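Pasting the structures here.
In the two complexes below, chain A is the common chain; its partner is chain B in one and chain C in the other.
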Partner chain A sequence: MTGLLARAEPVARLLVALGFAAVLVISVDPVSAGTALVLGALLLPLAGARVRRVLVQAVPVLVAAPLAAVTIALYGAPSGRTLLAAGLVHVTEGSLVLALATLLRVLAIGLCGIGLLGGVDATRLADGMAQLLHLPVRFVLGALAAFRLFGLLGDDWRALALARRARGVADRGRVQRFAGQAFGLLVLSVRRATVLATAMEARGFGGPGPRTWARRARFGRPDLVLALGAAAVLAVAVAAAVLAGTWNPVAGLRG
Partner chain B sequence: MTPAALVAEGWGWRHAGRAGWAVRGLDLRIEPGERVLLLGASGAGKSTLLRALAGVLGDDEGDQEGRLSIDGGDPRRARGRAGLVLQAPDANTVLERVGDDVAFGCENLAVPAERIAGRVAAALHAVGLTVPLDRSTSALSGGQQQRLAIAGVLAMEPGAVLLDEPTANLDPGGVVEVRDAVLAATAGATLVVVEHRVAVWQHHVDRVVVLQPGGGVLADGSPERVLGALGASLGAAGVWVPGPPPRPPRPAAVEGALLLEAVDLAAGRGGSAVGGAVDLRLCAGGALAVLGPNGAGKSTLALTLAGLLPPVAGDVVAAPALARGLKASPVRWRSRDLLSRIGCVFQQPEHQFLAPTVRQELAVGPRATRAPDVDEAVDAMLDRLRLAALADANPFTLSGGEQRRLSVATALATAPQVLVVDEPTFGQDAITWGALVDLFRGLLDAGTAVAAVTHDEDFAAALGAERLVLAAA
Partner chain C sequence: MTTAAPARTRTPRSLRWRVVDIVVASVLAVACSFVFIAWNVGYQGPSALLTPLLPGVQGLANGLWFLAGPLVALVVRKPGAALYGELLAAIVSALVGNQWGATVIVSGIVQGLGAELVFALFAYRVWTWWSALLAGALAGVGASVYDLGLVPGLAGYYAGSGTQFGAVYLVSQAVSGAVLAGLAAWVVVRALAATGVLARFPAGRARRAG
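Right after this comes the complex of A and B.
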């Protein structure tokens, strides 16, 4: 994979995703969110995002967004002509527009965010956080090493299930069994974390002196292109909404 | 790198929350460039001493007395002068990729970035680990993990290399390879190796130091002197000395009734088989040793025989004498029904621990089967496996050898008819090894069937076990 995303610093991808979400949160309107979603869906694959992986990872978003939209359509603040009223349910033109805006906004932020960050390399992200954002080294590298152990939790969970069966304590009710096994996993995780801390110290981590970086993180042309691209998409989206007359900053921001 | 001098003067360490001292009154002087084999019975404080020398024992982890120094200074202020490889190979891995992991120590020691790549390549070459730098560290075999751990330390170019049982997890072929890699790569550094397999190292070290449990040095000198003249007394103290094992082989027992049978069995996880299909029979009073190189699927086979994993293909069939009215397939039994039928000791003891103290840990099984006189049975088991002094300790805080003993004891506590054990003798001193052999022989004589996954040929012979050798996958 030699797309733009792969060449960009993971930190840049993170910042762009955050900026993208921040701008789309300002206004609840279908035009800006819809434009951003369409442009994002067109451009991200060109930048190297894998459509298939994004869709798989976005399953929770794809499920949650329509549910949120339906809820707002049925129960959202009423305005405009009433289309359907039955008990608490109150579907109006205004609530339908709001529902569509919400749907598009959740999809735009969710899909573009996953597209930007999907497959990001944790090690390079940590490198960037420490070297470019100057977050504390102990925190960043500690989190990175712990993140690796996180991947081993699944193995531990399966081994614990077998081990507890062998110890004769796996017959209890499902809830009790799960609770017991979860506690076992917690104990084991604390234990692993302690060992990891020792292993890191044994390799000179946490000493008072300075530290060098084998992998140099620095912002470069791909990061600039990525940031400008995102800014352009957002500018078009906002301009379209303003021209269409739907630009509608949420109440708090309107002053 | 200039070799480091390691000195202990009246040094002692007591782990937080323990009554007894792990090490006490230790006077020891290791000269720069010396190669030392550090021996001692299980629990004599070998690992504790290595950690202290590496400067990774913190003030909050226990109490210190006396003085310990590296090149005359406090080891805790000399990060990187001593490089430590921890006991379990996977415990040493910090990062996701091989190259990054080896570079980690260099970065912490502020080695200029442009020199790190060269050091990483040299260290990997020295230990003979020839995988791509971006290979995932969790995709390595046990032997590769061990090499990686050593490379991570070598890349730091420490003045002293401290290795805690570097070959314990390896199959016999891997042991010699890793030893030779260590010797070649650490030329010019001070080397301290803790290892039970004395024969592997004795002709390659300058000096043998034997720690006395509870404090001090039991013996110190050239390998010839310590292992020759003092060998017999060391053996009595639990130190592995070259020569015949503490218990001679015994002939295969006359087997009783069939208990458990594997028919065309392929074991594996998630539906894919690890090794080829096997047929085997476990009879009352009979022992089976499952041997073979790392990665051949021995542990998976053990878990399947023990009724914990469903077979990928073929069957595990419990004979009526074992099933006692239950279905023939052990994996369908209830957990509690397994206890008195098939006991299983895991490769990683920590997975099996459930209780906050050793005593309560041993009581879990008997309580689940509602056995009478649980306390008496627990006391007897504590004595039998020399765990009485640790009865109130947390199982997770025990040494590697002690944990293994405890996990064997927990399985025995419910007197199963079939016992499946994965590497029961790993990390044991000679006395405990002998005690384990006696214990298993007693079980065999009483009609228990034993299946042991092991690299330990002596153990297999001492049980008079039939041998099943699995081929590399």
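Right after this comes the complex of A and C.
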């Protein structure tokens, strides 16, 4: 059985991820972020997110979250009892609460975002963006074509490394070698894109006349379930924060 | 029948995107997104070193994330190029996954709009190093406005921080954007043009003629 996420339209997953993050950033408070994090961690595996892949992709998030929290703890808007003051550093009760909220918020947004978007198929996403969101077709498909060119990147990199080694231009310092080779790869990519554009035009891309689609994208029941599930999680998170008295829209923090 | 000297004919300036504009802009944007994805992890080092100096100075590390807008705009020179480049790079960054989730798409839009504004003010006619510098700086301003939670209805990464932090952060991001996004994009485009790979773009032809 394939999971809910796999059956949902990638566009729906992207929109849900965006809405999820947009609601969570309204309030900087530990309760709403913590609730969303716990519920998301429980529900996303049920929807078919692979825990191992999420954790691997989430390593940067796991590093970033505590660092962001420390920044806010030291320099966040001061309120309540001052615990430590040295120069511009004000650690107060208020800034510690903000720091905890920031930690949970970054984790909730990052982990749920990766859970929702992990393993999205770019081609299906582009189909959805053009057919369901009605974004400009030439740009969506042009972007998809460019994106898929980068599947060749690993081979290109190895070939470039061998060629440069053979020519003896790759024997300088490691940083220099990397920079030079990266630029070579960029030139190669632009050249290939130019050729690709010609080939696409030759096949009538961007020309007049109606476009047909090989794969039809349409919203269905999985998308509805996904959207309702995310809305329910957010509603519970916000309700919990309001009941706990910690709901704290950002505007209220700067006074 | 007479033939005009082909080297001197100039194709009239068109603001409509050709297919080659779209595909090359997309390739450059995706290439930038790889830089972004690396920097999503790599910025932690400089950021952590800068933060103790003065709160908000960690914005100096952020300029690399504004690169796509000026870079794509300098190459294709069409309306919307900066916004498109930064947005596409942000979408790829969101799909790969990062600590800001899908909100990086909003970041991409505000950063792209900042850079776009500069090129639009010059009626899409000025593509010099200083217009690139300005575009990078404005991308930093756009990013700060969002990060600090000044966009109504949208809370940013540093929403809730004090005024002093905000002021330092905004200036830092603008300076960083000017150098790491604006000037860097100009240098990269000049190097690309020198290879001849931009022959189908005004950026490449201007270089050849000069």
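Everything below uses one rule, namely that the second predicted complex is superposed on the first by the 241 of 255 C-alpha atoms of A that agree within 3 Å, B and C clash if a C-alpha of one lies under 4 Å from a C-alpha of the other, contacts with A are read in each partner's own complex, and residues count from 1 in each chain.
Keep this in mind: a contact is a pair of C-beta atoms (placed from the backbone, for glycine too) under 8 Å apart; a residue touches a chain by one contact, two chains touch by 3 or more.
The model shown is predicted, which means the values in this text are computed figures rather than measured ones.
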Key: Dominant contact partner of chain A by residue count, chain C or chain B   = C
Query = Does chain B (first) or chain C (second) touch A:61, or do both, or does neither?
reply = second
Ask   = Taking the superposition as given, does A:200 touch the first partner, chain B, the second, chain C, both, or neither?
value = both
Inquiry  = If we overlay the two complexes on their shared chain A, which of chain B and chain C does A:214 touch? Say first, second, both or neither.
reply    = first
Query = Does the superposition put A:167 against chain B (first), chain C (second), both, or neither?
reply = first
Query = Just chain B (first), just chain C (second), both, or neither: which does A:86 touch?
reply = neither
Inquiry  = Contact-wise, after the overlay, does A:175 reach chain B, chain C, both or neither (first, second, both, neither)?
reply    = neither
Message = For A:117, using the defined touch cut-off, is the partner it touches chain B, chain C, both, or neither? Pick first, second, both or neither.
response = second
Ask   = Which partner does A:156 reach: the first (chain B), the second (chain C), both, or neither?
value = first
Key: chain B and chain C contact sites that coincide on chain A, given as residue numbers   = 122, 145, 187, 191, 196, 198, 200-201, 205-206
Note = The answer for chain B against chain A in the complex is residues 51, 54-56, 79-80, 83-86, 88, 91-97, 100, 103-113, 116-117, 120, 137-138, 152-153, 156, 269, 303, 306, 308-309, 334-336, 338-339, 343-344, 346, 348, 350-354, 364-365, 368-369, 396, 410-411, 414
Ask   = In their shared complex, at which residues does chain A touch chain B?
value = 122-123, 144-145, 148, 151-152, 156, 158-160, 162-171, 180, 184, 187-188, 191, 195-196, 198-207, 209-216
Inquiry  = Under the stated contact criterion, what part of chain C meets chain A in this complex?
reply    = 17-20, 22-31, 34, 40-41, 44, 47-48, 51, 54-56, 58, 84, 88, 92, 94-103, 105-106, 149, 153-165, 188, 191-192, 195, 197-198, 200
Message = Can you tell me which positions in chain A touch chain C when the two form their complex?
response = 14, 17-18, 20-22, 25-28, 57-61, 63-65, 67-68, 71-72, 74-78, 88, 98, 106, 109-110, 112-114, 116-118, 120, 122, 125, 138-139, 142-143, 145-147, 149-150, 183, 186-187, 189-194, 196-198, 200-201, 205-206, 249-251, 253-254
